[in-house]
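Take a look at the structures listed below.
The same chain A turns up in both complexes below, where it pairs with chain B and then with chain C.
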Partner chain A sequence: MRESWLSRNLRHHLTAWTCGALVIVVMVIFLAPFVWMIAYSVYPSTALQAGVPDLSLTNITLDSYGQLFSDPMFLGPIVNSVIVGLSTTVMCMAAGAACAYAIARFRFRGRQPLLLSMMTVQAIPVIVLAVPLFILLRSVGLYDQLLGLIVTYTAFILPLVIWMLVSFFEEIPPSLERAARIDGCNRLQIMYKIAFPLAAPGMAATAILAFITSWSDFFLAKVLTSNTAVTLPVKTAAFQGLFAMDYTSAATAGVITAIPVLVLTLVAQKWIIRGLTEGAVKG
Partner chain B sequence: MDTSPTMSYPISRRNLLQLGGLAAGTLALAACSTTSPQSSAGPLKTGGKPSGQINILDDNTNSVFKDSTIAAFEKQTGIKVASYQQGNFNDLHDKMATMFAAQDASFDVVMTWAGWSAEFGQAGWLQELDKTAVPSDLIQPALDAVSWRGKIYGLPKFVSVQTMFWNKDIYKKNGIDPHVAPANWDEFVKLAKKLTTGSQFGYACDMGNPAGAYQNFLRMLLICGGEMYDADYNPIFAGEAGVEGLTKLVELLQLHRVMDPASLQITNASDLADLFARGTTGIVFNWPFQYAVATAATSKLTKDSLGNGLIPGISVTSASIDGSEGFAINKYSKNKEAALAWLQFVATETVQLQIVEKEGWFPVSKSVLEAPTAVAALPVLTTYKETTRYVTKRYGTPWGNEFDQALSIQIINAMNGKTSPKDALASAQTTAQGLVKKYLKK
Partner chain C sequence: MAGLAELGRKRETRFGLLLITPAVLIIVMLLGYPMGYAIFMSFQQWNDKLGADHRAIGLANYEQLVSDPAVHEAMGLTAYFSVITVVGGVALAISIAILLNRTFRGRTIVRVLLLVPWAVPPVVNGIMWKLIFDGSVGIANTILKSLGIISASVQWLSDPAATMNILVFAETWKLLPFLCLLMLAALQGVPRSLYRAAAIDGADAWNTFWRITLPNIRGPLMFALIVQSMWSLKVFDTIYVLTGGSGGPAGGTTTINFLAYLTNFSNLDRGYGSAMAVGIMILVLVIAVFWILVFGGFNRKRRAADA
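So, the complex of A and B:
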């Protein structure tokens, strides 16, 4: 009896240790590039490119951060990214919440195909749409304009926002809304006073996902901007030239770009996973 | 009675179709509103007195144009440079491809190099130039960077050719005469062996990315007297010369052990230049800017301790690879004559002298190559002058990117001893044959 308990206990610990070790291995694989990027941003490149990298703490410097934050050519893209990210998020949430609520609550012909067809937009490779988008934006005077990027991102991200929000709205018991209706609320009041507050965690997660998607985009920003509307990822890539590469500046810009994404993902990871998985199952 | 808040709001099929039709029509209208492809009026010639304005899209290699060239050009020609934009080299390709595919005329002049001249030239997106538009003072091999299949699509803005750099201090320390360059490959290997001691390596290169692997192989192929393609662009690099070249390269790492193993991880010529400037590498083959890096204040070398000469050959005396850049004219430009005036202005002696003196690139103009002030500012010009007597090629092709990827895998496998040079090149050549067939529709 005791032996059996011991063996069970040992097996339990072995499993836990194995899982723990696997988690550490996976974490190292995923985190190593990021840690190396941080190292490149705070150590002089000569210290890291030596035969044996010199990682002594006395070598650490934040000079590159100071240089980038005092460079107007770098601050411009940061401001552009913030404007584009926030505006896209607001537009996606405003339009997406209303659409998602309608799809979740109203029964109309083609509801399900509509939801599915929205997701097919996500399956189209962006590169296929680059030239038509370029022509479209140029013809309406939105090429190299922040508004052009905001509209484009909204078009791409809105289906995902709707898809996620539908699942959150469907979770709200209809009885609550019926009660509100009996108390005299009209449809808009039900949305703003009942549905949206109850789906707030999901809406926050969706908003964060929308922000991260627009904040991190590189390809469309590269193709649809030229000079005035350049965003942070495009500026970050510009530190690489044909013959030379400014590793320190590129790594510093990479860290600056990654920090908001990292923080927002950590804050909302539970809701993001829930939103994506529930949406995927329920359709 | 159903008190559910779920309600039914049918959208009629007609409304849905109307909406869809409207959206499709808008898109189609937008697509049709662009200019239709212009019929080619033949190669562009110099003529008349161009005027108006131009827009230029360049990479970020040069700063001399925005610093002084544009103002001088405007003053001399009366043509206004409405905008001069610089972008990261790696981003420009997609940006330019999108613009060209959309038949956009936002930029009259675009930066180019051998690969893009071939790719965009073949696609019909660059304006072909007549031979009479090429300045007579131009160093003819420099046209390689702006030409494809006998057609000239631009003019070079500077020349970049690899030469050999060595550390005279290390030479002296190992009892070697620092003033004599190796006359051939065997002498080079002997030198590299003597220079390799402890953590110090006789030789290093940059093979860490596909373009680097291609360049290092191409250099070996050329010094073995080989060629990448025949006159019809059939790949022939896996022949005797190619196998010999790759074998010699592998031997540097595996047999003679004179190559810094980090060479397989170095992805950029600037990293190689920095490595050499740290004073622990005997010899490198690198682009002209190695001179500025090696003689900078932070370098372990000085002007006196830097040696420079021809790359030693195996079956030929010497050969080198080309990395020159140029300017081309957008096929959809509305002011091609003014754009050509810019291309020709950049190739003038005045501008080329500035490029040599301020930026350390080789000139495209013969007279600058001879100018004492240029040689004084960039002593490695003397070696470049010698290099022009030997083969210098890049083989820019429309399939270059795809090919570099495939070739680099084979080269690295050979370097690591996973496959023989012969098998590696045979496999890469098969891939190249497929690419040539695809791109040239053979």
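So, the complex of A and C:
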């Protein structure tokens, strides 16, 4: 009796240990590549090319960051990405919040199909739209213009924004809005004085997701810009030519491109995890 | 009184329509119209290398699509890439999710850190793996050499098969955490009482998984398979960066989506390229329907078994 208890206890501990070790292995695999890229950006390449990489802390240098941030050819794309990202987010939130609020609160015909179509258009492969968008933007003089990218991103990200916001608005108890109505608020006031503040955390997370999506995009920026409106991912990708790659600069550009997304993600992690998984688990 | 309510409802509808108009306009203008235009272009002879004129040629582009050896090769590569990343990725995600669903210290922080690969922009993902598998400075060679697995540096990214496998690995690395979070959320939705009942009935871990866990997460599972299939079909950024925009070496990573890009923007064959893109869209649709049918059949069979 006592022996079997012991062995069961031992087995329990063994399982816990194995699982713990596995979790650590999984997390190392998920984190190491990125950490290694940071190492690439701060160690001189001579320290890394030796048989065994020399990772002593005294070798660390931020020279490559200084170099990139003083290079106007790199600063331009950063500024472009910030402008495009922020403008896209503002436009997505303005148009998206209004649309999502209407879908969540008003009973009009076509409401359900509208919400469903927001889900479906997200499935359209970007490649289908790339050439027509390129031709369209060129014909109205918006090719290689920040505005061209902004309206394109807005259209691409809006369905996701609306989809997420509808679920946040539906969570607000309608009784609050009814009370505000009795107090004499009109519909517009109810929307931005009651509903929006109550959904603020969800809206902030949605805005962050919109920003991240536009910031990270490479394909559309590659196709719709050539020179003046080039964004950071396009510039970063250009750091690795087919031949002669400047590894330290490429790694540095990679880290600079990734850091804002990482920071925003960690800030809003709770809401992002919810937003990403909720639709699937509910449906 | 009824008339007043009627009036109120009408005004409400009008206000609602006003609110949705900007968003719907933007989406129709920049998604709907281009999509229609792409379908129109796919029926045209439209090659900007040959000149500005274009004319309707019926189904010729689609006929070419079916018989083009380059398309066949790209489809083969796409199938290889997609089957591994979709089936392997989702299976791996369920395993990791089950591992992470246990109670252990640091569970919250682990879950947050899972967002790191998800947050890394695809272009940066490509650079990251290119740095790791580079022939002269890559850490992969250093590690493998010190373990004695290889004796001399390998030029991984000069070998088509190796590059494709690195691509599979890189994409899985990036997308797996999202799938894990999805599966983790799904697992947490399975009622604990079911597991207790299974334990009382003496079910082993394997049986518990197939009879309790899997049937109870089939909705999220279907979602994960559909979403991952779409991602796998449209993989682009990582290929572009890993191969310097070539889809090489020797076309070894030119999946169907990348081939459509090259056709449209390198060969400037917009008509044929559009047909290819529309083909991809149809493929996405077919695969989504396929998963829905697979799971629909599964549901029906269960219901029949329950009855």
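By our rule, the second predicted complex is superposed on the first by the 253 of 283 C-alpha atoms of A that agree within 3 Å, B and C clash if a C-alpha of one lies under 4 Å from a C-alpha of the other, contacts with A are read in each partner's own complex, and residues count from 1 in each chain.
Here, contacts are C-beta pairs under 8 Å (C-beta built on N, C-alpha and C of every residue); 3 or more make two chains touch, one makes a residue touch a chain.
Small disclaimer: the values here were computed from a predicted structure and weren't measured.
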Room on chain A for both chain B and chain C (clash or fit): clash
First, second, both or neither for A:C19, with chain B first and chain C second: second
First, second, both or neither for A:A250, with chain B first and chain C second: second
Which superposed partner A:P132 touches (first chain B, second chain C, both, neither): both
Which of chain B and chain C A:V28 touches, first, second, both or neither: neither
First (chain B), second (chain C), both or neither touched by A:L10: neither
Chain B versus chain C as contact partner of A:E177, first or second or both or neither: first
Partner chain in contact with A:L75 - chain B first, chain C second, else both or neither: neither
Contact breadth on chain A, by residue count: chain C or chain B: C
Which superposed partner A:Q240 touches (first chain B, second chain C, both, neither): both
First (chain B), second (chain C), both or neither touched by A:V223: both
Interface residues of chain A shared between complexes with chain B and chain C: 45, 49, 51, 102, 105-108, 130-132, 135-136, 219, 222-223, 237, 239-242, 245
Partner chain A, residues of chain C touching it in the complex: 12-13, 15-17, 19-20, 22-24, 26-27, 29-31, 33-35, 37-38, 41, 96, 99-100, 102, 104, 110-124, 126-132, 134, 136-137, 139, 142, 146, 173, 176-178, 181-182, 184-186, 189, 219-220, 223-224, 227, 230, 233-234, 236-237, 240-241, 243-246, 257, 260-261, 264-265, 270, 273-274, 277-278, 280-281, 284-285, 288
Interface residues, chain A side, partner chain C - complex: 16, 19-20, 22-23, 26-27, 29-31, 33-34, 36-37, 40, 45, 48-49, 51-53, 91, 94-96, 98-99, 101-103, 105-108, 114, 121, 123-133, 135-136, 151-152, 154-156, 158-159, 162, 187, 212, 215-216, 218-219, 222-223, 233, 236-237, 239-242, 245, 247, 250-251, 253-255, 257-258, 261-262, 264-266, 269, 272-273, 276-281, 283
Contact set on chain B toward chain A in their complex: 3-11, 16, 27, 30-31, 33-34, 59-61, 83, 85, 87-91, 94-95, 98-99, 101-102, 104, 106, 113, 160, 199, 262, 267-271, 274-275, 278, 280, 287, 289, 323, 325
Chain B partner contacts - residues on chain A that touch it in the complex: 45-46, 49-51, 102, 105-110, 130-132, 134-136, 138-140, 174, 177-178, 181, 190, 219, 222-223, 226-227, 234, 237-245
